Amino acid sequence: MPLLSVRDFSIHFYTPKGVRKAVDRVNLDLSKKEVIGIAGESGSGKSTLAMGIMRLITPPGKIVGGKILFNNEDILSYNEGKFNKEIRWKKISMIFQGSMNGFTPVFKIGQQIEEVLEIHEYKGNFKERVNELLKMVELDPSVSDKYPHELSGGMRQRAFIAMALALNPEILICDEPTTALDVITQAKIINLLKTLKKDLGLSIIFITHDLALLSEISDRLYIMYAGGIMESGYSLDLYKNPKHPYTQLLMDSIADINKDYIKGIPGFMPDLANLPKGCRFSDRCPYAMEICKQKEPELKRIEGDRYVSCWLY
Amino acid sequence: MSHAGYIDSNVLIKTEGLKVYFVKGGFLSEKQITKAVDGVDMKINKGEVMALVGESGSGKTTLGRAMIGLQKPTDGKIIYNRDNNPIIITPKTKIIKHIRKELQMVYQDPYSSIDPYMKVYDALSMPLKYAKIKNKESINKKIEEVLNMVGLPLDLINNYVFQLSGGQRQRLSIARALSLDPRFLVADEPVTMLDASLKGEIVDLLKKINKKTGITILFITHELPIAKIIANRISVMYKGKIVESGRAQTVLTDPLHPYTQVLLEAYPKINPESKDTIKTIKVKESNISASKIKGCPFYDRCPFATQKCLEKMPDIKSISSDHEVACWLY
Amino acid sequence: MAAETGIKLYLNTILKNKSGLIGLLMIIIFVALSIYAVTAYSNVNNEWKNGMYWESYPKNAMPYWMSYFNPQKIFGTETLTTKPSLLYSSSNYYIYQLNYNFTWSKDIPPTDVIFYIKSSTPMESIQILWIKPDGTNITLSTTSQPSSYTDLISLSSSIKSYMSEQIGYVPPTVTPQLLSQSLFGYEGKGLLNGTIEKGLYKVQVTIVTSPNTKILINKLYLEGNAYGLFGTDIYGRPIDLGILLGLPNALEIGLLTSIISVIGGVIIGGISGFLGGKTDSAMNWVTLVILVLPALPFLVVLSYVMRPNLFLEALLIAFLSWPFYAIIARSAAQSIKNMTFVEADKVLGIPSYRTFFTHFMPRLTPFAIAYTALGVPGAIILVETLSFLGLTPAGLVTWGSILDSAESNFAAVNGWWWWILFPGLMIILVSIPFVMIGFSIEKAVFGGK
């Protein structure tokens, strides 16, 4: 049974230009000790999805529907107070792209992590926990006495991961956590996440546009486009054999050191307030058929754990 | 314009001991010196694409800018082999109009490198006007030529730049640079700010232009796979120094410098089988103040570092016909 | 941004914005009124300082519409005219007689009674027989040779003797009101106690002139205490006219000053920021020095010493105002300078002056326009203040000078509120549309980009 089950999740943004369907009826499953990757270009809605699960959507955005089952309970139905008390940062935690700048410059790292413990009523010795956390992210305990500006970007990102893990969450959502870091630090952070998965049994949702990066960490993969899931499945299979035309084109566009070409995807992502009739990828799809322009395909299971939203199947 | 001495006829542009240091403060506060470019010898051959690879902060942008006279060097020389008549490039090179034309640049951010409120036609025609191409007909012809070359439709000239997408603007940027028939083009991270799906197009475009016109390109990037696609030769830069350079194929398949090695290892590759394996990253945590290192800038992170590395900057050694490395391991 | 930049976009934005639209309408109305004032009333403008011109107007009259509140006590001027009859003609003199009849039903007497008689040659003498409704009468005459205007003050000696006859003494201060009261009050001890006779009054004016003189115009003014839209001042000058005449001056100097200071400031600041280096440092220093100067005291001194005309005044104010805009323009130019396309121009061989026109000007212009609009009210207030202090050219009708006059004549103490309120309101009112337009342009400029 999955740890987290997202069903029919939709987030709309109400702008003067219309209603932007940033996340459109998304289904997603996360099991214990699993890493799922959510891949997509900028504007695909992947970050909005993450923020939605953490209930951090602000107006003009609004969660308009769906269910989020955590251990079989619909946490979307909780009111904000209950969600904040029981779920946020306690069961599900998050790190972002700019997290390394998420620390206040005027307080020491240790103090800031202790503050989190305090706010969430951690029962236990604060200093011990801070040291424990820093060790977990492979930082020297002396870091707790340093100010954020005394640390490098990579170290700050680790410290933030420590802060995110302060209350021992079961799920960690990572939204482009390494995009702003150099490639060597990125590799180290990915290593760290893999270690945490193994040692703590952490389940991770890893969101990025970098498909090559995802291949190095994900067990399963979701491909997102213009607010909807196009394809999902085990990453081993998906990378070898992408089914959805968008996934195929995306794979071709990955810059991998072993390739000597990268192909582009012609066209533009549609305006989320004005999605085309039928399949949202139809105007860029090389295999678009008549039905693709008329009716939106359902996310269908085609084999094993592979789901595709495409009329070709 | 002074004579620069000897330069190999194959080489279009080269630097000798180029240093660019930035000094902050100095009057009332403590002087802070940033050694952006710290003694670089680089040779770029005519008609080749040289990729300058490095992380942010390595100094690669500063090096590129200095090479075409946008940044005053603190020390060293930049020699431009103009029709076998070597010239030293200084920031004053712009005054000599025909030299300025020949050294062009494509910037990283397509949204700010062309004024969005200009008409596309004006963006293209202005440089031509000031390059003394007075005849309107010739200008229009040139514009048509470069738009064709970069794959933009001709009727775009009536649009405003803000109506163009990022990818289109970057093509326009390239077109604008090409319109002056330059000999040398510095492309400073031209695809970094574009979506993954657009990177390929622009890289292919530059490759095509290089093949067609024989223009020499310095392609600055931090994305190794992109460098691999377009480069003939690669120079790897770390903290202001070139640590390794040579033919792209060689450097990428047989990296010599520990930094290059760790870079290639760390770079994400499509490898779903590795999802549970910890990658070996052969790098130490940096914990020595940069100013104490007199030798190799990679000393504090290098797993193979020795006392010699701390004290003395490694000489550049040629390992094979087109593969050089600056490391005491060799 | 779908629409082109340029005038079209701004007009569009202003028109879409409600306040901008109202502002624009108001300005159009003001401009139309100004044109009207300058064309239709140009002669009146010249007569503003001429006391004689306003003789027949009620002095210190309140606005006419006040009479609706209390018709018995607040009323306008009644004008009577009649056909002169020639009683006697000889080779030495002619005698004319004018007979006026009127019914008086108000609770208070007229503020003044004025006889306007224009004859082809100066009159020798006039004698007035004033018959009250109850039949009692008074004979009045002037002490010196009569002029065309004979008001109660010129008849005061006759009236004073009448007063002394009736109540036994003459009050120490004799105002036209008191004199008028005598003509309308009941004879006897209570002549001046405030009650007046209502009913039919007959006034007979006998004029002695030289032979062959004709009476060209004759009018009997029973001056009311209410006149015009905004009342009159102590000289009888209608305030509404004063406001109308002051409008073109206010607009002109406001716009002129604002335009000069904004354009000057933006050019200096823009070029300074663009050039950078030593030139910029020097210009910045100058800007700051002038900025720090206290504007009003400086202007007062300069105006006193130089006695400038309208145009020069505008220049002076502009000279002290441009630094404010220069500073903004300079920092705008500096941030533009940091944009990549500025350096790109350099690489492409485009000369700096061209870069300034292509990239900097279009970015500086919009906010220059917005600030021009926003600067007008300040300029107007500054000018009216100077005018109030008596430092603008004397012949100029400005709201400030009207207020100055009100102040010198103790209008507030005397309760002539209309003399102060309406010119003051106008200064505020004229500022409103400029502020509205300025803000809606600013919104277009900064909101859009």
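Chains: A, B and C, in written order; residue numbering restarts at 1 for each.
Operating definition for what follows: contacts are C-beta pairs under 8 Å (C-beta built on N, C-alpha and C of every residue); 3 or more make two chains touch, one makes a residue touch a chain.
Since we're looking at a predicted model, the values are computed, not measured.
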Pairwise touch network: line, ring, star, complete, or other: line
Chains linked by the largest number of contacting C-beta pairs: A-B
Centre-of-Cα separation between subunit C and subunit B, whole angstrom: 71
Centroid distance [mean C-alpha coordinates] between subunit B and subunit A, Å: 34
Residue list for subunit B, restricted to those that touch at least two other chains: none
Of subunit B, residues touching subunit C in the complex: 68, 70, 94, 97, 100-101, 103-105, 107, 109, 112-115, 117-118, 122, 126-127, 130-131, 160, 162, 173, 176-177, 180
Interfacial residue positions of subunit B with respect to subunit A in the complex: 55-56, 165, 195-201, 203, 222-226, 228-229, 252, 262-279, 281, 283, 286
Residue ranges of subunit C in contact with subunit B within the complex: 1, 4-5, 339-341, 343-344, 346-351, 354, 358-359, 362-363
Partner subunit B, residues of subunit A touching it in the complex: 35, 41-42, 152, 182-184, 186-188, 190-191, 194-195, 198, 209-213, 215-219, 235-236, 238-240, 249-251, 253-265, 268
